[in-house]
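A, B, C, D, E and F are the chain letters, set down in written order, and residue numbers restart from 1 in every chain.
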Amino acid sequence: MELLVVNPNSTAAMTERIDRAAKRVARPGTRIVAVGSSSGPPSIQGFYDGAICLSGLLQQVELQNHVDGVVIACFDDTGLDAARCMVDAPVLGIGQSAYSVASMLSNKFTVVTTLSRSVPVLESNLQRYGLASRCASVRAADIPVLELEDMTAETMHSIRRVVEVAIKEDKSDAIILGCAGMTDLVEQLSSEFGLPIIDGVSCAVALAEALVSAGLRTSKAGAYG
Amino acid sequence: MELLVVNPNSTAAMTERIDRAAKRVARPGTRIVAVGSSSGPPSIQGFYDGAICLSGLLQQVELQNHVDGVVIACFDDTGLDAARCMVDAPVLGIGQSAYSVASMLSNKFTVVTTLSRSVPVLESNLQRYGLASRCASVRAADIPVLELEDMTAETMHSIRRVVEVAIKEDKSDAIILGCAGMTDLVEQLSSEFGLPIIDGVSCAVALAEALVSAGLRTSKAGAYG
Amino acid sequence: MELLVVNPNSTAAMTERIDRAAKRVARPGTRIVAVGSSSGPPSIQGFYDGAICLSGLLQQVELQNHVDGVVIACFDDTGLDAARCMVDAPVLGIGQSAYSVASMLSNKFTVVTTLSRSVPVLESNLQRYGLASRCASVRAADIPVLELEDMTAETMHSIRRVVEVAIKEDKSDAIILGCAGMTDLVEQLSSEFGLPIIDGVSCAVALAEALVSAGLRTSKAGAYG
Amino acid sequence: MELLVVNPNSTAAMTERIDRAAKRVARPGTRIVAVGSSSGPPSIQGFYDGAICLSGLLQQVELQNHVDGVVIACFDDTGLDAARCMVDAPVLGIGQSAYSVASMLSNKFTVVTTLSRSVPVLESNLQRYGLASRCASVRAADIPVLELEDMTAETMHSIRRVVEVAIKEDKSDAIILGCAGMTDLVEQLSSEFGLPIIDGVSCAVALAEALVSAGLRTSKAGAYG
Amino acid sequence: MELLVVNPNSTAAMTERIDRAAKRVARPGTRIVAVGSSSGPPSIQGFYDGAICLSGLLQQVELQNHVDGVVIACFDDTGLDAARCMVDAPVLGIGQSAYSVASMLSNKFTVVTTLSRSVPVLESNLQRYGLASRCASVRAADIPVLELEDMTAETMHSIRRVVEVAIKEDKSDAIILGCAGMTDLVEQLSSEFGLPIIDGVSCAVALAEALVSAGLRTSKAGAYG
Amino acid sequence: MELLVVNPNSTAAMTERIDRAAKRVARPGTRIVAVGSSSGPPSIQGFYDGAICLSGLLQQVELQNHVDGVVIACFDDTGLDAARCMVDAPVLGIGQSAYSVASMLSNKFTVVTTLSRSVPVLESNLQRYGLASRCASVRAADIPVLELEDMTAETMHSIRRVVEVAIKEDKSDAIILGCAGMTDLVEQLSSEFGLPIIDGVSCAVALAEALVSAGLRTSKAGAYG
């Protein structure tokens, strides 16, 4: 099967990282088509970025509308409902995928995101998906997305500290890394903290494969028709 | 990989049907181990049945605790939290799996179950999972579970009528068949109504494969530790 | 004061109607600048239209960012959070304005919209604003937005019927007309049904004037900073 | 237009302060009729005060039922639903007005009130209005209402500290002053903290003017009929 | 023990009926002190009546503040929070008592009240108590409270019809009679419909006895202190 | 009347303590039949224990199904819905009873439980009962249930500290002791902290007596039929 993985920002290094993460989890027979956006902002931080990247994002979905499944590789799940209106194939957001997976592995999860301006976007999504009650908190590590590119000791330290607080204060038993740029930290944080560290790109790719295999398709009988 | 699929009731024909449904969706490399319960009731209808089948159900999980993933093949998801305390592998309920999948393919779904005494059990689960807000209604077709064994024209008619009402009155754009015994109706109802008809066994098996492939495991850091 | 009223669709007749409605309610000293969108779709019906009209809409806000207040004249409130990131002036959506006003005049309201594909968009907004608990239902009259242009007897009849149902079944004591194109019906329906018939454009203009007069501005300390 | 602004407590200095605040925001053509209550308690702190001030409050509404709009100038919005049963004119509570305005200027707000015994009253109102989900917290500064009369440095310090905590811990991007007696602090706190500091009296007067201008009236078709 | 049962309206026949209902359920050692209100309205129907009866109601609580428990015998639970501020003894509302009892005997209940203008009052209480999720609906029989005084066949018919609808459409498995004036119908409706028909006065008296026996008292450490 | 009080764990000393607590609050004419479980685990801590104790628990209800009322004396209320399916008599859980009582004596309560693995079980129950909105928090004292057997100074200190935090941080005005093993602490903590300290066993016995006296029985018309 063929899965389109769209990075709605214009940072090529981010697209590459997403591509690697997607390929790492994909089954042998799955072809990953990872694309970036020429017109989007360099990173998606908050409501404004989420809005202005939409035309570039939806254009990519339009161009590749023959694929078997689509993954929107921005943790804000921007354009998710709109993209579902465009294709019959299942369309997964890396945010919704991560929340759903976490709700099956844990009792309560914390989302660690980059800047505090992204928190309301994620909280608003959690409410729409219905999974807000399973989320103990959305916490910002106060790191701009692009600083994740070269992961300094200091950046790593900030993220680690938020995870500690989430475990201690929120009593969360799973942590979601709320940014496609944090994908590479999964392994290290997992072994360090001994609980599920959940990455949205892996979840979305695995779920997309599952839905496609099961023959399921986006409903065209209501909001997405 | 090896997936345990436990039918917590003692009706062998139901276990066979679940086995077939699981195998139909499973990937080539997946071994399905479908087991029934010797001590459970013939069917699970309501809170009492859900409680008395637990010891038989958890015994099966105990016996097969080396598997890579567990599916509880009762739409009530009875014992789901308890089973998650017993193994590291992901544990999926066919109810929670179906609700999660439906929330990614549609805007609003209806669950069609057998008897009205099962409705409060499912509603209570939906509330716990957080997905109640995505569910338009849980509707009973007023058919005892075991009548699904030989699907008469009348039984089929009752189910079809509930689907019609769900589409017309609830404006639902996906239908979940809320009983492992309805699995064989998916294809026919899908083509008849032109919207996703979602079967819990297929969803749970596909999701279990996805979680196992992605290397994800049940958290042992909180409620399930 | 000067208020920008943006119609995010490209139908000039709709922009004119919105302009008239805004001017009807505006105070003597208020200058209404009503603009349409050159790049938007002819009408906004559902999630997809709401996404693709954004770049044209936000461009208009950018061009006129010196105004004292902004009104987004689409009942879906598309781009509302994004526009609030762009200016210090208050930014009102005609949807949120109508819901807020209705919650001060009545105990429970019904929203009458055009097509059923718009219902989930409005329900999702109501949930985000927190006012879903005050809304008895969002009901579609099954009329495409552009048919409102020449209001036939049949169109009028469809809307009237939905209002009747809302009063009888929902026990609503206020009705919100959930489309900028229904603005002209307020007077007739009010006198006919004897309860508040609420139009979003009037509400948003009046609220924008109120906020500007009171010296209030969009917060730049959080999500909109 | 003529607006009745009722202070349901018997402290004349408070009525004067409310009168000044109302006149400061009122448009040129608006006549503010600010009245106190002869029979009410000196201040409204908690459920009991809110109940015993009602007869005096509603008597004032009765006496002035020819006005164009009514503002209940107690942040508890005591008697709001009852007053709406008495007149056709719009009736605004300074609490509900402030919450509504805050939800249009910010993503999440904190309410700063006087004593902790008032917190449950406000939380209960927020739940009824539907706006609880937009409110990060209601925090008490532990100051009796009447100490606001002569604002000492210490009183000012307590309020300032609560605002700091709200910004830091709640990540709120707007602050509502939850007592008619705090009206005079708006300007100072605004410039000090750089985010919207919202006063209920100004909001209610501005909204009342807006609703009256737009020709809107309290519904008589349901709870208030 | 001595229990004060306050009827906040001025209809003596209603006070007598409440007195009889209270005595029917009271234990041998309990002395019921049933009082009416001289200043209240003849019946409590809607928000306005609920507000104007408060001063008479609270005066009675003040006069009898030596009792062991207080029951507010109006289904609107008007003044409940205020009365709890006045005494250390437990204070029960017949509404909250009935909802709590119903939530222990059934999965989902319907409340049958008199006029539709009372519905929002009860719905608002259910939300405040947290029990709204257990209530399928609040339905009005469209009977003025005082018509319950001489129960005609027609009145009885209206109530019976609402019960039928509640069972059929709401799938409720318990019915609460939402008016102190319906007390005498319990026995007949119970045997007719074969499910719990719950009367608030009996519930509140029985619960008050239970709380007093268990040595429990109203908290003075927070809202009621 | 005769009340069955079932301790679903196998620790005889716990059954005796529950028996004493039940008899302390019971009326003269009430016969308490306290039984333990031969097959249950020594204590119920978390989802797994709650599931495996069910068969022993329900067997006891079966054996004694002639009693007038049943109390499930485990704060997790395990098997509550199932037991209600088995008898006509009222069935009370000590958890639900305590929450209901607390919601009538206070504005907001905190539950103090033993281990953190029990917290999600109680939170999930609160959500199902609808009373989650009245609960400020469920806090674990980090004490295994069986350590409550011989209450050391250290154990007592841990519990006292949690109560202090609940009052200071949650602003709770009532404390529920969330474990049948804490029953003996009520008196001491009450006088120490000066607010209602609520014990589930007492509440459930008193409520069971109240419901039986009022002639109320479990509904057989829906989920429990």
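One rule holds for everything that comes next: a contact is a pair of C-beta atoms (placed from the backbone, for glycine too) under 8 Å apart; a residue touches a chain by one contact, two chains touch by 3 or more.
Quick caveat: nothing in here was measured; it's all calculated off a predicted structure.
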Checklist line | Equivalent interface to A-C, taken from D-E, B-C or B-E so that over half of the residue contact pairs match | finding: D-E
Check: With respect to inter-chain C-beta contacts, which pair, C-D or D-F, contains the greater number?
Finding: C-D
Next item on the list: Could you give the separation in Å between the centres of chain B and chain F, each centre being the mean of its C-alpha atoms?
Entry: 32
Notebook entry, point to check: When the centre of a chain is set as the mean of its C-alpha atoms, what distance in Å lies between chain A and chain E?
Noted result: 51
Margin query: Using mean CA coordinates as chain centres, what's the gap between chain A and chain D in Å?
Written below: 42
Next item on the list: Could you tell me which residues belong to chain E and also touch two or more other chains?
Entry: 107-108, 116, 119-120, 127, 133, 171, 222-225
Check: Considering the complex alone, what residue numbers of chain D touch chain A?
Finding: 107-108, 133, 171
Notebook entry, point to check: Which positions of chain D touch chain F when the two form their complex?
Noted result: 116, 119-120, 127
Next item on the list: Write out the stretch or stretches of chain E touching chain D in their complex.
Entry: 46-48, 50-52, 54-55, 58, 79, 81-82, 84-86, 116-117, 119-121, 124, 127-128, 222-225
Check: In the complex formed with chain E, which residues of chain F make contact?
Finding: 25, 27, 90, 92, 96-97, 100-101, 103-108, 129-134, 167, 171-174, 193-196, 198, 202-203, 206-207, 209-211, 213-214, 216-225
